[in-house]
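Notes to accompany the following structure.
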Amino acid sequence: MTFTQIFFYFLAGVIVAFSVLSVTTRRILRAAVYLLFVLMGTAAFYFMVNFFFLAAVQLIVYIGGIVVLIIFSVLLTSQINDRLDKPEMAKVVIGGLVAFGGLIISALTLWQYPFTASSAAEGDYSVAEIGRQLLNYGEGGYVLPFEVISILLLAAMVGAIIIAKRIKPKTDD
Amino acid sequence: MPGLEHTILIPLIPFFAFLVIGLLNKTLSPKVAGMIGITGILASTILAYQVALGYFFSFGQVDGVFQKIIAYKTSWLQFTDSLVIEMGAILDPISAMMLVVITTVSSLVFIYSWGYMKGESGFSRFYAFLSLFSFSMLGLVLATNLFQMYMFWELVGVSSYLLIGFYYDKAAAVAASKKAFIVTRFADLGFLIGILLLSFHTGTFDFQLLTDPNGPAITSVGGATFMGLSVVSLSLLLIFIGGAGKSAMFPLHIWLPDAMEGPTPVSALIHAATMVVAGVYLVARLFPVFAFAAPEALEVVAYIGAFTALFAAVVACTQPDIKRVLAYSTMSQIGYMMLALGVSGFGEDGLGYTASMFHLFTHAFFKALLFLGAGSIIHAVHTNDIFKMGGLRKFMPITHITFLIACLAIAGIPPFAGFFSKDEILAAALVSNKLIFGVGFAVAGLTAFYMFRLYFMVFWNEAKIEGAPHESPSVMTIPLIILAIGSLVAGFVPFNELVTSNGSLLATELHWEVAAPSVAIGLIGIVVAMVMYRKASNLPSKLSSSLGGIYKAAYSKFYIDEVYMFVTKKVIFNLISRPIAWFDRNIIDAFMDMTAKMTNLVSEGIKEMQSGQLHYYAIYFASGAILFVVLMLWMR
Amino acid sequence: MDLLTLHIVVPVLTLIGIAFARNLQQTRTIAAIGMGIQLLQSVNLVFAFLAERRGGNTAEVVFAKSIVWFESLNIRYDIGVDGISVAMILLTSVVIFTGVFASWETKDLYKEFFISLILLAAGVFGFFISLDLFLMFLFFELAVIPMYLLIGIWGSGKKEYAAMKLTLMLMAGSALLVVGILGLYFNSAPGGGQYTFNIIELSKVVFPIELQRFLFPFIFIGFGVIGALFPFHTWSPDGHSSAPTAVSMLHAGVLMKLGGYGCLKVAIYLLPEAANELAWIFLLATGISVIYGALGTIAQKDLKYINAYSSVSHCGLVLFAILMLNKTASNGAVLQMISHGLMTALFFALIGMIYARTKTRIITEMSGILKVMPFLSVCYVIAGLASLGLPGLSGFVAEMTIFVGAFQHQDVFHRVLTIIAVSSIVVTAVYILRVVGMILMGPVKEETYSAFSDATWYEKVATVALIIGIAGIGMAPLWLSDMILNSLDPIISAITGI
Amino acid sequence: MSWEQFLLMRHELLLILAAVVVLVAEIATGEDKNGINHTAIWLMASITVVGFLPAPVGKLFGGMYVVDSLRLAMKNTLNIGLLIVFLQSARWLNSKENQGRVSEFYLLLLASVIGVNYLISSGNFLMFYLSLELTTIPVAALAAYEQYKSRSAEAGIKLILSSAFSSGILLFGLSIIYGVTGSLDFSLAVFAGAGSLGIVGFIFFFSGLAFKISIVPFHLWTADVYEGAPTNISAYLSVVSKGAAVFILILTFFSFFRELQDVWQGVIFATAIITMTVGNLFAIRQKNLKRFLAFSSIAQAGFIFLGVIGGSELGMAATVYFVLIYVFSNLAAFGVVNIVAVNSGKESMEDYNGLYRTNPRLSLVMMLALFSLAGIPPVAGFFGKFFLFTAAAEGGFYALLIIAVLNAIISLYYYLLVVKAMFINKSENPISGFTSDFYTRLSLVICVLGMIGIGFIGEIYDYLQSISFGL
Amino acid sequence: MIEGVPLSHILVVSSIMFFVGVYGFVTRKNLLTMLISTELILNAVNINFVAFNRYLYPDKMEGHFFSLFIIAIAAAEAAVAIAIFISLYRNLKSIDVEDVDSLKH
């Protein structure tokens, strides 16, 4: 077993363990923190496969953005020491069955599927190349998605603001 | 046949009279309406006499044989290539004879009604219906084919219905009219099915083709049988059911006594002289088919006729209502006619046929006379109950004399008309069937008895009416007198020369070996009646109490009505119609409603699927997706 | 514009006219004029048709016209008429014309009432002139749906329930039709080429027997539901009894005939082999419904229920005759449709008029009407007599043709059924006379009755027009019967050609 | 990029431009925001009209963006829908609660419809996914727009969370598809040999898409969101958003997934049946009209699948045609519900009792709309539904057809319930008569014209069929 | 490409993560924890994309970019979702999903 292997399986263990913890812990803040670990583990995995840019984005956007957002919200909406009620047994059972069943089926089919590892040469994963592709409008360029997501982010921002903004209905006086 | 097309006017003139009176009901005064009706029927009568006399004495015979002549024909409705309803007029001895009978009696009744119905609120309506009836009846006898006959058959039924129910605010009249129509309708069902069956196998409705001894009905349909009967026999039996219904043969007779609820002239015209003999006419019309292809059916006709004759005569002896006595008497006499037809053969052996037609002819006169006489009496005393009458001979001399003539005629006393025809019937019966002869003979005695019972109760006995009833106006008595003359002379018409089964002359003579005993038994009947009823006595009640149950049964018309009532009310209404209505509402309809209810129930039942809980939504989502995955993987 | 399209255009123009009417007087005048014109042009159509035939035009349909509508699906505005449709169009015109007069005194939402009524009629006219199954189906649904509002808004009694039930059951029938029609369509080009909805073209296609077996029940039951096919007839009593007068008239008089017409000209015509094979099942059902409806009528107390059940019986006879699959019986079926249409319209009109005065339809609560309303009563008697098959009125002609036709089958099964059906004439007599005896005859029930007026002029127009039709056909049926017989040839040869 | 290339993308570009204009207008206007209404509506109207002008077709961005006649027709259909939604919103936005956020409303809807247009034009799964999210996320915000109502927030939560969940599942499917085919491009897929994993991926993908179309069992959000969200948003969701999902579903099924035809026919067969049935069964019971329309739209989705299942040219044309008709019919119904709710605050079926006597025109429009939804002639819904049935019959799916027609009867039942309430029932205190604003009336007139015209003008269908393609 | 680690192992890890996310989504009561679960789901998908890209199609970066955009969208989604949570919290004073069931049946 090589070091990468060991590291991977360790990573896998961390990811799986914290995933499970994150959906089972009864403290919300902890759930957010466990999520953080999962996301970090994932970022580490991106590093392992040489997707550095993606790993960086994962760290910045996910961990720096989303998780922080969640933690702020948690602080906003609940007490630190609040413990969540135990989930209903019925939901746990049914949900567990569904999730487990789904896992078995998809994992089995994935496991059995004869993926043939490509022998093609690795592409250029450098940030420069990524930037070039992001702004390329020809074959293999991603400028259109880039623009679309900019609209999306704008819309999301506006949307979030109008909802979260406390408005005072105009009073006729 | 050219030159005779105007025959069709004989029925059409009354029809137009009906239309005019009916449509202009509001605007015409009753008198004008009556005049239109009378004028119409008189015109028809003149035409009918012209045609009938012409037929019998100038153009009807070819080589000594009376022909069937199609005076007029037009196709009316086409069913299949061969089955066509045609409207037309046939002339042969029986139709010509019937034309005379119908128009004569009709015009007399029309005239008589002028007096009888005077002042009634529905005076013009009455004439409209009478005209409609005349039209239908004349159309019936002139029918060239079975289907035309069936149509007019129905029409006479409806006119009869309308006339019986003339006093429509009287519950009894309404019920009687309904009963009459439904019973005859039921019988007509047999008629119709018979027609369908016969026409299918012969391929024609046409009387000429049907009755042709070498035609398809008689020759070609020997093969097909059903339950041991040949198809022809079967269909003729079915057709006879129709005839039996109209002619009030047992057990379809129950409507006729009740039909007496109608105005008396109507009873005279429809329920004595004309419509009720339609059944006889129908059998006579199809007689060759009966005789050649369905002797079994003919036998049935004979027995039914004989039984009805006896049955009705017995019942007639006990009835208290003058018109009902006459009604049962009518049934009995028609039974006679049927019996005669039933025992008859064809051609040389066709005495029964001739006798039957002869009796039909004479009966029309004296029975119409009896009814009109009864009408005259009722008009005077305002009751139908003979026990409330008596001694009327002093007040109503003309009615009395004419009524007596009629009674003598029906009792078969020579030289009145009934004697001759009855004699021929009995003679024919004697030749062919002793049992039937015996019945006929007994009925002759009974007839004399009940008629004179009636006669003595009404005209002799002691007067029970308060005040002095007076004789009817001349517009009523003149028809009585004319009919009385008819009853006297009708017996001398040489029927054996004119109306025979094959159209050619039939040799007959007076059969004294039959006539003498029958006159004798008639006289005995009269004498018995005289003894019992001429003066008030307790003899009748003694007799009736000694007869006990039989008398009671006869008085109650042998409970036939009750049986019918049971069947219609209890069985059909309560056991069939109501359950069907219930079934329809609570089973079939409920099933339709049930599907709706089930849908709603299911809808209510699955509403928890939409629980409002996001968790469950996701569970449905995920499990749905996984389920489809499994399903699709498994189906592969 | 051609003669047939005008039959749709005139009602539509009338609708538009009514929409602009200002008051009841204007509304009903416009409706009466419009439907009067419609009646005249239908009469004209009959003459034109007869003239065309006399002129030697032996085409299956005349006045045919075809305009492309949905080109890619080969859906066309295909119209044309044969003798049967001409007869039915005339019937419809008469009934809607009289229906307008029968609803002369509509007070509530009168504009909407007349619009719905005439819309319904327009649907029926369209149905009868259509040669394209799609078009036919469209008009079929168009004719059914106004019923909902007509019964629901202007009806009486359990109107909402009845309206819903009627609409849903009829629409369920049409739903089955969809399956049948599409099945025909997609098998209409066995040798390649374009699919078609055109009946004439479809009749030339020989469908494989398995397909016929599959499709026949859909089409037959689909149309049968509206023709009150047992056991799918239960919408009829409730529907008719709740509907306002003119609607009952139109519905029982015309709409129910769409069923018979469709069964004959679509189900039997296009799927003759299956018809031959499966007829017995439906014969059984219809044979039962004839006598069952009649017997069921006897136990009813409400005048409208009586007429509704008797319609089940009479319309059962229509389908029964059609299933006999021969020319005479089919001819009888068409005659019966027309006869029953006129007769039942008359019945419903009269019932409405009587109800308007007595405020009850329960026969045991009425008596002696003849005395106070002689005109209406006489009309009622005439309708009754027509219904029980009195010669000289239309019912007789139709029923006898059916019976004779049905009796042309030699086997026991058909015979027995025919005899059962024939026996309904007795039962009919029973219930008709029961009603006549109970409500018309007898002593006048109450003091108040004497205050009732007899028919008004518009009521007279309605009843007299119908009676003229009934008596006209009853007395001189030959022209009508001939017109129908000729048009039956293609259908009969389809049946016998197998 | 050349001018022609811009022209290819004119729908999206114009919409973006409109969004910018709305933003600028927000800054430019003062207290009275009514001007924004006019601006947005007339801008949208011009964009819709411009959309119909003839224009070139082709591909852009290496096949990420595809436009052809069919897609143009689809976009135009849905843009009409948005225009009608705009018209129906003006009156509601003028109410004092919403005065402060008018431009945001238009902006978000425009963003969403940009997503719709991109979705239809998307040539690969990345664009597909992004535009799908773009259509949903702004609408989720809008669903929660009425922040003073907890039900609005609840609708927003249900929409955003289930949408996130469903797009998660969809993405999982997409990742598998990517794994087995090696391509995200619609035109490059090679499903041969994808085997069972391909099916897993496909089903996950399908369920994500089915979520947007409200296919049972992925539909549960629908009714809650429609009921809680502002009426216009429900209308938008039920018509534009759903229509877009249907269009992209049929486009991908007929091209990318054509080799999985057996699989998707089976899935569609099953889902069509349960969708129609469950939608109808739920709709029967509803008392709230918005909720009622939600279930009705679920049932309609089931009917739409009848057009998809055959995989034929006819089916595609019938589907697009049906959606086109559905836009008018459903928006007419929602329009009436909306204007009634805005004027009287009532949206339950009992409140509609006797509506015809106070507001006859609105009732007539509503009746026509419901008849169109039920498939009753002469309104266009009849044609739409009949052609869907035709498409199913063409593929030989008679069992499905029979179930569908039976369901059509159930649906007729509940549509008639509303008609009954308006026309037949009597009410003690009916909704009093009111005059609608110009824009609402205009929108209803457009809807009615559409509902009546589309059926009778056979050329519309013929055109759609001529640009459609089958498998 | 990670030497010695087969693709299927990675896929199993991501699958577990995915379904753990699903499980969390259907059991967690707090809306925020539900959001956390969706993040798990999206993360699992990202791993898939990256793994497929690296193992099977390393010459192009389609999976990579897909993951990139997913992250962006996750952020947008989370922003809007949290905004709505807050709006709800203002109305209900609760962000328990089981309280969010006024719309049902």
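Annotations for the structure displayed:
For reference, chains read A, B, C, D and E in written order, and residue numbers begin at 1 within each chain.
Quick note on the criterion: a residue touches a chain if its C-beta (ideal position, glycine included) is under 8 Å from a C-beta of that chain, and two chains touch if they have at least 3 such contacts.
From a predicted model like this one, the values you see are computed outputs, not experimental measurements.
If you take subunit A and subunit C together, the chains in touch with both are B, D.
The minimal number of chain-to-chain contact steps leading from subunit D to subunit E is 1. Farthest from subunit C in terms of Cα centroid separation is A. Averaging Cα coordinates per chain and for the whole protein, the chain whose average falls nearest the overall one is C.
Taking B-D and B-E together, the pair of chains sharing more C-beta contacts is B-D. Farthest from subunit E, judged by the mean position of CA atoms in each chain, is B. Inter-chain spacing, taken between the CA centroids of subunit B and subunit C, is 36 Å. Subunit A and subunit E, compared by their mean Cα positions, are separated by 5 Å.
Note on chain placement: the centre of subunit C and the centre of subunit D lie 42 Å apart, centres being C-alpha means. Between subunit A and subunit B, the centres computed from C-alpha atoms are 101 Å apart.
Listed for subunit E are residues 18, 21-22, 25-27, 34-35, 56-57, 65, 69, 73, 76-77, 80, 83-85, 87, 90, 97, 100, 102-105, each touching two or more other chains.
Residue positions of subunit C touching 2 or more other chains, listed in rising order: 168. Touching of two or more other chains is recorded for residues 596, 607, 610, 612, 614-616, 618-619, 622-623, 625, 629, 633 of subunit B.
Contact between chains, per the stated criterion, is found for A-B, A-D, A-E, B-C, B-D, B-E, C-D, D-E.
Of all the residues in subunit E, the ones that touch subunit B in their complex are 22, 25-27, 34, 97-98, 100-105. Across the complex, subunit B is touched by residues 157-158, 161-162, 165-166, 169, 196, 199-200, 203-204, 206-207, 211, 216-218, 220-221, 223-224, 263, 266-267, 270, 278, 281-282, 284-285, 410, 413 of subunit D. For subunit A in complex with subunit E, the touching residues are 1-2, 4-5, 8-9, 12, 15-16, 19-20, 22-24, 28, 31-32, 35, 38-39, 42, 45-46, 48-51, 53-54, 57-58, 61-62, 65-66, 69-70, 73-74, 76-78, 84-85, 87-88, 91-92, 94-96, 98-100, 102-103, 106-107, 110-111, 113, 115-118, 120-123, 125, 130, 133-134, 140, 142, 145, 149, 152-153, 156-157, 159-161, 163-164, 166.
Within the complex formed with subunit C, the residues of subunit B that make contact are 75-80, 83, 85, 147, 150-152, 154-155, 158, 161, 165, 168-169, 171, 174-175, 177-178, 181-182, 185-186, 188-189, 192-193, 196-197, 199-200, 572-573, 576-578, 580-581, 584, 588-589, 591-593, 596. The part of subunit A that touches subunit B in the complex is made up of residues 91, 94-95, 98-99, 101-102, 105-106, 109.
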